[in-house]
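What follows is a set of notes on a single structure, which appears directly below.
Chain IDs A, B, C and D follow the sequence of writing; residue 1 opens each chain.
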Amino acid sequence: MVVILKENPNQAQLDSLISWLQDKGIAIHETVGVHQTILGLVGDTSSIDIDLLTALDIVEDVRRIQEPYKKANRKFHPDNTVVKVGDVEIGGGELTLIAGPCSIETEEQICSIAKSVRKSGAKILRGGAFKPRTSPYSFQGLRDEGLRLMEIAKEETGLPIVTEIMDASQLPLFENVDMIQVGARNMQNFELLKVLGKVDKPILLKRGLSATYEELLMSAEYIMSGGNENIVLCERGIRTFETYTRNTLDISAIPVLKKLTHLPIVIDPSHSAGKSALVPPLSCAAVAAGADGLIIEVHNDPAHAWCDGPQSIKPEVFDSLSKKLTVIFDTCKSEAVK
Amino acid sequence: MVVILKENPNQAQLDSLISWLQDKGIAIHETVGVHQTILGLVGDTSSIDIDLLTALDIVEDVRRIQEPYKKANRKFHPDNTVVKVGDVEIGGGELTLIAGPCSIETEEQICSIAKSVRKSGAKILRGGAFKPRTSPYSFQGLRDEGLRLMEIAKEETGLPIVTEIMDASQLPLFENVDMIQVGARNMQNFELLKVLGKVDKPILLKRGLSATYEELLMSAEYIMSGGNENIVLCERGIRTFETYTRNTLDISAIPVLKKLTHLPIVIDPSHSAGKSALVPPLSCAAVAAGADGLIIEVHNDPAHAWCDGPQSIKPEVFDSLSKKLTVIFDTCKSEAVK
Amino acid sequence: MVVILKENPNQAQLDSLISWLQDKGIAIHETVGVHQTILGLVGDTSSIDIDLLTALDIVEDVRRIQEPYKKANRKFHPDNTVVKVGDVEIGGGELTLIAGPCSIETEEQICSIAKSVRKSGAKILRGGAFKPRTSPYSFQGLRDEGLRLMEIAKEETGLPIVTEIMDASQLPLFENVDMIQVGARNMQNFELLKVLGKVDKPILLKRGLSATYEELLMSAEYIMSGGNENIVLCERGIRTFETYTRNTLDISAIPVLKKLTHLPIVIDPSHSAGKSALVPPLSCAAVAAGADGLIIEVHNDPAHAWCDGPQSIKPEVFDSLSKKLTVIFDTCKSEAVK
Amino acid sequence: MVVILKENPNQAQLDSLISWLQDKGIAIHETVGVHQTILGLVGDTSSIDIDLLTALDIVEDVRRIQEPYKKANRKFHPDNTVVKVGDVEIGGGELTLIAGPCSIETEEQICSIAKSVRKSGAKILRGGAFKPRTSPYSFQGLRDEGLRLMEIAKEETGLPIVTEIMDASQLPLFENVDMIQVGARNMQNFELLKVLGKVDKPILLKRGLSATYEELLMSAEYIMSGGNENIVLCERGIRTFETYTRNTLDISAIPVLKKLTHLPIVIDPSHSAGKSALVPPLSCAAVAAGADGLIIEVHNDPAHAWCDGPQSIKPEVFDSLSKKLTVIFDTCKSEAVK
């Protein structure tokens, strides 16, 4: 941590700051410039609140040098973490496809899609039971009933299942869920993260719409600091000025997060774009950039096809996409490695 | 709602769409252009999922004409809503100052600040008991004990109190709290919003870091649709590319929200800027633009002054600011009116 | 174009608006709702200023239905445009690699890099003679001398050359340049665009840091409306809240622009990320998403390697990357097609 | 400047870096931490290219401590700069109102508005002769003829005039213009800035749509480094995710720029919002936050009122607004001071 002092700082306040830091076991190196003096802080600065330092009358600015996350930091854990979901591994050197419908509607629907995507190479089944909707007047998901239907599909296909939790109070319903998803809007629901830190299940943690890489990793750190280190990060588009796409897929997140953390990364091309035609090219791009997996919305109900979500692709599109992704993954494998 | 069709749409699908819409009681006006045909939908379109329509093969785009919020919409409720917090009114033609420390630390601290800000014109006391912190290693607030100390300050000063809830399970602890704050990171915690819709207390709803005006109003609608219509909206800075300030105060939110909704608007200049020197000019700007109130962080512990939050101003600054704000409010009153 | 009227519009003003529109040869279809009346405008609305309509007292909002660009619009020109740069084709079904140093420094440097990248498969040589620098105190490029050195490299290698113009007055110096680059900061330098519309050379038009797809296409339209239709669009990262990368590569731009326009698209992974380690994964992603080409910075001066730009990769990295890109391009070709 | 080294840096490269820096007269202070070593650079680092340092193999990151602008920096020029436009002073302790039509249309129009706004307290006349339009098919302004009409209005009213230049080649036409405006889209047209650095006229420099404070000040520095130090900065809204307003007025720019620079700041509320109803509240907010002046669009042609720009207010609105602004300015004066 580097503390930049104002010109001509009050000496008494400076001494008080220095002795306070030294009491915390931090060594201080002073660099005196013509207009500026800076303090280099050496030691474990993770307990120091950067905002508090910045507030001091004698301080102009404080810059963090070391990342504020530890358990999620690749510097301290150089090897890739492999997360197991049922028998499936994410981050273990194979491309993991997670697929399924946006919302769970009927037993027939979820089972039929599950079988179809399994055949096309999906290893994990996704589906929404609790749906975060911006409007209170929109369908809020089948909720408990949706979870029950997912469990049936799991039994029928053997695919492990992942679905979104929206509140800690729903946790008892997730007993048979193999991986719990934290949605973008709950990425900084810290009370929920704390609860999930005590759970013995892998977590799929989605990046918030305007969360920085550091904030995403700090949210992972919340869960990990509670004891649960099985976390898969998910980039699903960020909010920018461009409104043609629902969100802007931040493809750079893949190589950057690979460098910063040892946790696996999957990409959600369906929600990023909000348009099904963009799902195949964005999926290819994500795999080419080194993603460990993808989570893709697939629908297959021909009778209601026209009222399905705009970001869902059809099973036959998923099938041919899956084949192409395997070739790209094999070609680019060396990129995916740190 | 306007549905823009693709060129040469499949006639069977078009007929099916039209009859589906008509079944929902919606009248359809077709406008045929050279390259484009558009359908104008007349009737209550609030139950129609815009994403579902957009997904249709024959549809190029869908534009909403009517706002998706009803109870929060000024069109249907032209008169300003006045929210009562204890005996204090927000939105009733007086400027309401809400002030207090960032975190509650000790009984002495909260009571002393409470007395000071009351003397300077504050009508409501704020203070953080549950603190949303990006790092799990940072101080998380005094929690229940913090609430207890706030209640003491309330008794001693007669000021109603507002503090943040972070999870629905904390609600029983908020019995003596006069207004419940929903933080920016929980603005789309829909399960929490639903619970607060059933609560008989006013809600201070903060805008999310990257929430649009419409999304903020839809979150208000969530609470209102549950039955609780006592909502005060709070703009507290949005996330932009500019990083010199912690967030960018969106001053236009005041006149825009005044036009779109009948709910009162308060501004949080402390969190917007993240620097105490910016609090006075931003406070003046907010009042000049027509805000109904301000929520300001004030600290007064001289012994620990240097470790207080960088966004907190001192009691004497608050006192002189308060006087200036009153003059501006009186000068600009006519702007504040719809 | 759809005009949404305010409730109870003044009838005289409405009549005046309608007759003004009809005078312009536009047919009007009125859709009367309970709270809202909308006018559907049919005909050539490209000459109507949307801002002027929006300003009317009786108008609540105006939504454009048809894109405001014509010559760049795929709707009116369904076939892909193939742009010829010297003998090289961009957009013709082959991946086109453009490579070279950030700044031109010496004859030896530019010639040596030119030979190296040609060997690795680059078809066009890039290099900066006029450098747009945020600081007036930074090196501004070799300018005319830089152009002269590029011409030497062109002669020695046979590679056509592309370099940036910063002002219309520099045009006479570009006689031997094969493709003229318009930088991101000049994307809306309309006077420059008009001049380039009269030039008989292909233009590489970079997207501005905060330009929407529509604005990029409107800038292309400026050049095309002047008569020069040989334009290659270039996505090079947009400005977002995330500051870890210099800019955020908007990978979705590729499939979206492919849909909206017939012009070829190349990606600049070097400037997007600002870190050389990110260039290979972003290059792979861009090709997988359907880009027609890439423009990549390569440096090779071992003596000064340490003071080269952070976004430049080394020739050996470029060489192995080039091989990988060819495989991905062949695998994904079908995605690249409209 | 602080250079953060990677763990276990190559010693030969480190020595080479250190001696290179020392050759430039820079002293180096090393701070060795457990995982990280940082170098504090003391001396004039303005000639060091931060990107070049960052590119070194042994460097993890570089943080600038000192601002890269000098002539625009308040640290080196603590007193406010007062810019004279004709006989009018901007930044000299009085509020300066600049007003006029969006586009110049006819002699009658510009003269009539000029007289009206002068009567209401405007000190400088604005008007667009060269118009930057996103569409090549939109009206591009009266150009030279527009300048001629402005000069007539200047003669008739005695008001100094300000208007936008779009290319350096237009400069000869600006002989009788009192202040030259650089539009947001040209803020980083460095060739134009260099030319304006040699001109003996004050410059109104508008902030780019996605320009940081530092970039705005670096553009001012470009002009100042050429010798022209008479610059007025103008905040006119930035691009964010919120699209209800055309741009988001960054009100914090006022107190922040007041701290960083000695140059005067004016606000353009008309272009920020893009809606005339927002001009009065945003104007009040800007003055309350400490702006030195405002530049406001006013139209007065009753016959064509309905086809005027949506951001223009009417003369009578400007007149009553002007009175209110004076009261706010007097109330807030102390805020405006550094």
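Worth pointing out:
Heads up, the rule we're going with is that contacts are C-beta pairs under 8 Å (C-beta built on N, C-alpha and C of every residue); 3 or more make two chains touch, one makes a residue touch a chain.
Only a predicted model underlies this, so the values are computations on that prediction, with no experimental measurement involved.
Here the chain-to-chain distance from subunit B to subunit D, counted in touching steps, is 1.
Here A-B and A-D are compared, and the pair linked by more C-beta contacts is A-B. Chain centres here are Cα averages; for subunit A and subunit B they lie 26 Å apart. A separation of 31 Å divides the Cα centre of subunit A from that of subunit C.
Averaging C-alpha coordinates per chain places the centre of subunit A 39 Å away from that of subunit D.
The set of subunit A residues touching two or more other chains comprises 210, 239-241, 243.
Chain contacts here are complete: no pair of chains fails to touch.
Partner subunit C is touched in their complex by these residues of subunit D: 13, 16-17, 46-47, 49, 51-52, 54-57, 68, 132-139, 166-170, 185-186, 188-192, 194, 209-210, 215, 218, 221-222, 225-226, 239, 274, 276, 306-312. For subunit B in complex with subunit C, the residues that touch the partner chain are 2, 4, 7, 29, 31-36, 38, 40, 42-43, 61, 63, 65-66, 75, 210, 239-241, 243. Of all residues in subunit B, only 210, 212-214, 238, 240-245, 248-252, 254-256, 259, 272-273, 277-278, 280-282, 284-290, 324, 327-328, 331-332, 335 touch subunit D in the complex they form.
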